[in-house]
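Scrolling down, you'll hit the structures one after another.
Here chain A shows up in two complexes: once beside chain B, once beside chain C.
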Partner chain A sequence: MDAITTQQPLSSEQIFNLLKTFITEVIGEEFVEDLDISRESSFTRDLEMDSIEIVSFSEKVKSHFGEHIDFTGWLSGMDLDQLINLKLDDIIKYIESCQSSK
Partner chain B sequence: MKIQEVIFYEDMEDQQGVFECTCQLTDMTDDTATADFILRRDNRTWAIIRGWQNARLEIDEPLWKVSMSPLHNRLSEEIAPGIFLFRNAYQRVVSWDFIMKRYFNQAEKASLRAMLPNKRKERIISRVAVKDAIRALLKQEKQEAYYPIEFEIRNDESGQPFPEGAMTQDIHISIAHKDKEAVGIARSGRPAGIDIELIAEKTDGFIGLAFHPEELALLPAADHTAWIIRCWVAKEAYGKYIGKGLQGNPKKYKIDSISGEKLRIGDITVQTIKHNNYIIGWTL
Partner chain C sequence: MASFAFIVPPLMGHINPTLSLGAALLRRGHRVGWISLDATLASRLPEGGELLHVRYDQDDAAKKDNEQYLDQITKKNVSGIESIKFLYEEVLIPLNRFMYDGIINILHQFQPDVIIHDHQLFAGAIAAYQLKIPYATSVTAPAAIKMMEDLPGIHEWEIRQIVGLQQELGIPGDVSVATSEALTLVYTSKTFFGDMALPDHYKFVGPVILNRQSLHAFDWERFRQLDKHPRILVSIGTTFDHSYKKEFFGKVIDALGGAALTVIVVSAVSLFEEWPDNFIVQDKVPQLELLPYLDAVVCHGGHNTVCETLSHGLPLVVIPIAYDQSHVAGRVIQAASGLRLNYKRFKATHLKEAVWDVLSNPSYKTAAQRIQQSFAQAGGAATAIALLEELAIPKHFHH
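Moving on, here comes the complex of A and B:
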């Protein structure tokens, strides 16, 4: 049995903190120190993450939440301007919606 | 620049003839160089200048050539035909000011000055690389030499850069940067896509997200880490070529075949090269 399915849904705050940990792992602690990561932070503009870093981040989201969350599928449905403006909060809401529909 | 004193031994206004100038460095720090000068004419001392102090630039060969003749020289290095690389290799503010003055017009300088220093340097290096790519293209195709300040690099609403100037109509560009390196490409009449990525090991999870099993089956046995990055760079360059980027899903574009260092996606070929610790790839 997949351990993920027995997991309690995470609160919005817990998801936020988890995503912050993933970002730190991807772009490195020394860069995160200079950033004020908030729910309103956008991946490309504020966090200055490039595609390869965003995919590394996606992988962490995927391996944590399992196949229930089709993160890359969700991203690929977006237009370029939506992707550029993608904020942490959008992902938190997406994960919450996946958790509640499970 | 500062001068401590100038002593004239002959008429200051009389400057006819050939002068012999001897220069002796008296002091050099990281920031300044100071020297004394003796100017002689017909074996007689005409003047002595003491304590001439200049701010030191980090002048390397490209900076020197561009300062002497900006029309016919460039700061970037042409690492493959039509592919220009420029790096953030200068420490001093004066060097960056110098580059800004030689490469950017008033509007570009104003927008650069509004940026935070790190962001500004990142912006400068990629714009220098692509301006040099455009200048080289114009020289090659039209036999015309242009100063970098004669045209502008602007960005459209989605952030895509494009050149703006009477001579750059119909020229397509692409730029990419990673860490302190930036690359640029310019093409006339058709789009171009370029990417640069650091060669670094990727997890199996990452590889699974970015590539189809059929793509991985194409890879040569040796040098797996670099080949994964080549494949990534090819997709990124292709995404830029079609003007859409990776759209968050690198699996959307599929590498159909690999021949030597060339990777084919649909009917587009991406040339890749290894340059130091990086893979650079561009659409042919």
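Moving on, here comes the complex of A and C:
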């Protein structure tokens, strides 16, 4: 997905749907059909994404929001346990906090 | 003549490159020993190689308790990022703590000029540091280095585990000594590893796979008798649990049973009562001897199997399970030398499609041959040996 300049803050729902699109792009549509993706889904346990899939997901988030959020920096700050437990809701909240601080 | 001591964990993929290097060092007249917990390693060593077996008194209860940890790696179901936590907390840290005293004792007796420790046996680096013996690090799973860049949080967490052990073993401070600053041998090429700024002591020598004796028999006669179909090898290495294998090879049977292929499977024959007629199943195979006759390899993304396959210019289907394998699979994709499936999600049809895709689309093989070439150019054992011999020259002779 190309970088879109998102001057307009996205609603929580819009962010969720966007992240779902990225997950679909990374793991493939046919697999997503079998998954019940919610805000509480964790990347490792619920979505069974491995590290390289999480990396490519984060690249999509990064290229979408560009300089508007420091997603890589935020993710880099996470230690192993935080990464294992990372869920969609954590990312939605982070993006929202970046939007509201502008 | 100098003396070299390898320090290895009881894991095949980590031992194999040292056997090739050791054989080359022995041929050049050096003394070479292998420090290991595994007594059976003696039968795999090149001629003249010495097994320096780490052993403790039977009545040492604490040591005996620790020994149980070693079985963990083959018995627990682990996958994804969580497997890294398991690997360090339940395998590597206890294993290194367990081996440390034994390593120190052996080093006092053997007195090597140079220590070559596996990057996961940081107890070897800690011991070398404490005894002031020059040491090189043998990186058998280089994707771990790449992970520093991709997910730095994981790498920092790993370093904290290592530094914790160092402090316990008497090295104050929070700088890891686990990677040698004199020489870190990485058994791949920069082309395959990918771009990353690393210090000069990281030497990408390529895979070292020569001069290894094979102990495993193979049914060559049946192999030749089977129809002249494409031949593939399916292996998920030596460290995964039985229940994993049952599920995995069940899918392999569904995907490839009865196909116009010869399928060599590395598995206990007893896993299933019956295997398809086009399968040859053995619990161990002479992989390096087989590769020249194969057309593709399906594997779990263990670094050794992937590099051995690419050294033969063959395409891959990689299905990473745990540890660094996801990143190794990422490199295979980056190099366009194969396809990747998600271990948890893939179904038999995906495997079938992927296998036929890498066999019928020549671009994968061409890409694999590009990597093959980069490996040849990396220098291999000869380059590694020259670097190790240089490390054996006492410091005051250096210019």
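Things worth noting here:
In this text, the second predicted complex is superposed on the first by the 96 of 102 C-alpha atoms of A that agree within 3 Å, B and C clash if a C-alpha of one lies under 4 Å from a C-alpha of the other, contacts with A are read in each partner's own complex, and residues count from 1 in each chain.
Please note the rule applied: a contact is a pair of C-beta atoms (placed from the backbone, for glycine too) under 8 Å apart; a residue touches a chain by one contact, two chains touch by 3 or more.
Computed from a predicted model, the values in this text were never measured in an experiment.
By the touch criterion defined above, A:63 reaches chain B but does not reach chain C. By the touch criterion defined above, A:84 lies against chain B and chain C together after alignment on the C-alpha atoms of chain A. Contact with both chain B and chain C is seen for A:75 once the two complexes are overlaid on the shared chain.
In the superposition on chain A, contact of A:27 is made with chain C only, not with chain B. Judged by the touch definition given at the top, the superposed model places A:52 against both chain B and chain C.
Residues 50-52, 54-55, 75-76, 78, 80-81, 83-84 of chain A are contacted both by chain B in one complex and by chain C in the other. Of all the residues in chain B, the ones that touch chain A in their complex are 157-159, 178, 197, 202-203, 205-206, 208-210, 232, 236, 244-252. Contact residues on chain A toward chain B in their complex (touch as defined above): 50-52, 54-56, 58-60, 62-63, 72-73, 75-76, 78, 80-81, 83-84. Chain C contributes residues 79-82, 84-85, 147, 150-154, 156-157, 320, 326-327, 329-330, 342-345 to its touches with chain A in the complex.
For chain A in complex with chain C, the residues that touch the partner chain are 27, 31, 44-45, 48-55, 75-84.
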